[in-house]
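Each of the next two complexes has chain A plus one other chain: chain B in the first, chain C in the second.
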Partner chain A sequence: MADALHAVRSYALIAALWVRASLTYPVSFWTMTVGGLLVTFLDFVGIWFMFHTIDTLGGFPLREVALLYGATGIPFRIADMLVGSVEKIGQKVRSGELDAMMTKPVPVLVQLCADRFELRRLGQIAQAVAVFAWAVPIVDWTPSRVLVAVSMVVSGAVIFFCVFVIFSTIQFWTVDASEFANAFTYGGTTLTQYPMTIFTKEIVKSLSYVLPLAFVNWYPCLYLLGRSDPYGAADWVRFASPLAAGVLVVLMTVVWRTGVRHYRSTGS
Partner chain B sequence: MSHTVTEPLIEVRDLGRDFTVRSRRGVFRRTTRVVHAVHDLSFEVGAGEMVGYIGPNGAGKSTTIKMLTGILVPTGGHVRVAGIEPSRHRRELARRIGVVFGQRTSLWWDLPLRDSFDLLRRIYDIAPERYERNLQEYVELLDLGDLLDTPVRQLSLGQRMRGDIAAALLHDPGILFLDEPTIGLDVISKGRLREFLRALNAERGTTLVLTTHDLQDIEALCDRVIVIDHGTAVFDGPLDKLRATGGASRTLVVDLVDEADPITVTGAEVVKVDGPRQWLSFPAEASAAPLVAQVAAAYDVADLSIQEPEIEGVIRELYSR
Partner chain C sequence: MTLSLAIAARAFRRYSTYTAATLAGIFTNSVFGVIYSYAYLALWDQRPHAGGYDAADAVTYVWLGQALLMTVAIWGGGSTNDLEERIRTGDIAVDLYRPVGVLHWYLAADLGRAAFHLLARGVGPTVVGAVLFGLVVPSPVAMVGFLVSVVAALLVSFAIRFLIAAAGFWILDVAGLKVLASVLAIFFSGLALPLNIFPDGVRTLALALPWASYVQTPADIWLGRHTGGAVVLTIGVQLLWAAALLAACALVLRAATRKVVVQGG
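Right after this comes the complex of A and B.
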């Protein structure tokens, strides 16, 4: 417990240091923040334009798609801000920085995640929150739906965190695999921005049981919208996001520990 | 400088680390080769010792240091540092040791030195008064006063190295590991660094283990040398003994008044002639006095000097066995 507190405190300290460092160039900081907000804003505009020629996408109207979009965007952007720099692990191996991290009394994963913490990513989170907020009125809110929505965001962030770590850990073996990791993290979140009904059953199955990104937003959103799964999954699956997150945490822990034990460092 | 050794601070027994190297041959065939980077390595280091760990490139120096600091997991044998198994209890060990890698920094590149130090104070939970005392002392000894507010990326190599060493010592570690600490430094920086490390060992009793290519580091700092080659120790003992081991020779440099044919004396032979200057090689264990007398009696000598065996030559000799 004391260890966990020390780890969290260390994360906050390292992150705060990077925030301070980035604020020493305020112009650059604000350009990047606003720029990031605009770029991500345009991202949803693309979907909005699409609805000028169609009424529904896979049976879902624009606002419902916005709900799905926001529900994956918020946890993804949060995870990206908090732990996204873990994907730089290959670079840290090559530069020897990882060696230095391993000789400090803070878990290496914490140091990696907090490294070059970027507060400006708040802009991207804000965009996802805005899209989600626009979709909120279409949900018939009940206390249990509020609960599911909260657990959806938390579980979603945990799921993305695990996916980030698992695919980044591959770089312990092949240092240049960061693009491979990106395909699953950034690529995965793009898939979940759309209703699963536009994909084939095989893709949906893989996104449920192999790389369980459908639990980030698809299943809980079905509950928020009072729908059953068009592909026939049992109704309880709509509440299973925390379970999926838990399974991934176990898997991630095993993969990470194996990675660290097999770390070979650099030549010199 | 002799310290009473109670129980070993570093204990290494039959330590080994293999690396599996895969190489592709053709489209389908793959060959796997096991490289024994370190094998059958055993030594002990007592509290307060200053040990030089030397060997050619690829001999296993860094691999050993990385196993001692918990970065690499050994594939065989036993290793304890301050009673801790390094790779299993890395974070616990981190509080007891300091590590400096000469070729890279563990400071935060974009941040002023002061911020890096302050962050270390907090993640190592260093008590404020102890931190202030240490900081003041290291800033003074390492001459960091004007550099504290400079971002690390703007520091010169020598300045950065001093910063790195201060950073590694803020939490009062009992052992300091230095991997090539003087690499790339100019002569003056090297000298100051050595002076600092000597003082650290004398005043605080900090145990030092350093790898280096620069044998002057060893001569200036280490009572004891471990030579590693092909992954295992080929020599472990005091520097003097290392000199004697190599079957080394000393050199008498004679400056004659005029140019002359090579000097002929018993017990030495001329290895080089350059104008009036001649170099005579003789066994390291022999006395130079009779030789000097012979030369002075037979020739007009302007000046004389004696060169000690070059440790580099001794080690080269050791590797070639």
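Right after this comes the complex of A and C.
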């Protein structure tokens, strides 16, 4: 517990440093924040334009797709802001910075995640929240649905956190393959923007039992919308997101430790 | 000419060094290709002739977009990133007294980079798409038109990226501008969604902008939506944009050069 507190405190200290640094160039900071909001805004406009020609995509109308979109966007953008810079492991290995990090009394993972913390990513989170808010009225809210919604966002952020770390760890073996992780992080959130009904059964199965991205938003959203799984998963699966997140945390810990143990300095 | 080739060849080799990065990139492009293919298949399942495409055209369009993503540097990047860095550090002063013009140098380097990306990051995802979904095969004439159109697209993209990097002569940090430029490029190139299924007003606007050159124009030539004289005409429009924007680059560079002060010591 003391370890965890220490980790959180160190993270906050390093992040605060980068926030202060980024505010040194206020014009650049604000154009980046607004730019980030626009990038993600246009991303949703793409989906909205699709519905200009159709009424439903995979059996889901625009507002329901917006719910899915917000429900994956919020946790993804939060995870990206908090731990996205873990992608830069390869660079740190090459430059030798990782060696310096290992000598400091703060866990390496904390240092990597907090490095170059970008407050401007709040713009992207705001966009996902806005889309989600627009979709909120279609849900017939009950106390249990509120609870599932909250657990969905928290579990989703944990799942994406693990995905970021797991696929970045590969760079301990191949330092220049950072783009590989993008397929699962950015690819993961893009994929879950759509109803799973547009994919084949095999894809949905592997997104449930191999890389549990379907638990980020798909299963909990089915509960919010009062639907059963079109692919026939049991109804309790709609509440299993925290379980999937927990399993992934264990897996991430193992993968990360293996990666760090495998690491040999470049010696330069 | 020999000099340009030498510059381009070295840029080509620089990018071809990182095999793991290239393979990782092809993998990532392919994952996005698969996601968008299923999304478009669901759309064209509802509206089988949306935007004048059939489902096979739509899926082909997805994979062409992934193939052109790096080739045309839609996100940004390429040799103009080096230019930006050298303007920031002041090393640009060295570039200015080389026996070859700055514009010429960076354009040659970017063409070399693009040649590598076309062969690796372009052909790679296209083959994956063809294996997984089966793509529309272009006629030989369409194929030639497509390749010419991609070169024209690259010229337009290079000029826009060059202008953004050159803004660094006047402002401290161009990172914000680059984000805005990539947003516009991704959306208005048709990478996010084919421009021909945009709502009417926006479509007309989007097709008139230079970014339509990046993906929409080459893809339409590949898919045989333009034939004969129309191919020449659309490529002509791309080349007009390229000429106008490159002229703007030359003007900006001239204005900037007058401003550069080399600190001694």
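Worth a mention:
We take it that the second predicted complex is superposed on the first by the 267 of 268 C-alpha atoms of A that agree within 3 Å, B and C clash if a C-alpha of one lies under 4 Å from a C-alpha of the other, contacts with A are read in each partner's own complex, and residues count from 1 in each chain.
As a working rule, a residue touches a chain if its C-beta (ideal position, glycine included) is under 8 Å from a C-beta of that chain, and two chains touch if they have at least 3 such contacts.
This structure is a prediction, so every number in the text was calculated from the model and none was measured.
Upon superposition of the two complexes on chain A, no clash is found between chain B and chain C, which fit side by side. By the document's definition of touching, of the two partners only chain C reaches A:V45; chain B does not. When both complexes are overlaid on chain A, the residue A:G232 reaches neither chain B nor chain C.
Touch criterion not met for A:P137: it reaches neither chain B nor chain C. Using the contact criterion defined above for the overlaid structures, shared-chain residue A:V27 touches chain C, although it does not reach chain B.
Once the two complexes are overlaid on the shared chain, A:I14 sits against chain B while remaining clear of chain C. Annotation for chain A, partner touching more residues between chain B and chain C: C.
In the superposition on chain A, A:G96 contacts chain B only, with no contact to chain C. When the two complexes are laid on top of each other via chain A, the two nearest Cα atoms from chain B and chain C are 11 angstrom apart. Per the touch definition, chain B reaches chain A in the complex via residues 19, 62, 66, 69-73, 87, 90-92, 94-95, 97, 99, 101, 103-106, 108, 110-111, 115, 119, 122-125.
Those residues of chain A that touch chain C in the complex are listed here as 25, 27-28, 30-32, 35-36, 38-39, 42-43, 45-46, 49-50, 52-58, 174-180, 182-184, 187, 190-191, 194, 197-200, 203. Residues of chain C touching chain A in their complex: 18, 20-21, 23-25, 27-28, 31-32, 35, 38-39, 41-43, 46-47, 50-51, 172-173, 175-177, 179-180, 182-183, 186-187, 192-193, 197-199, 202. Interface of chain A with chain B (complex): residues 6, 9-10, 13-14, 17, 20-21, 95-97, 99-100, 102-107, 261-265, 267-268.
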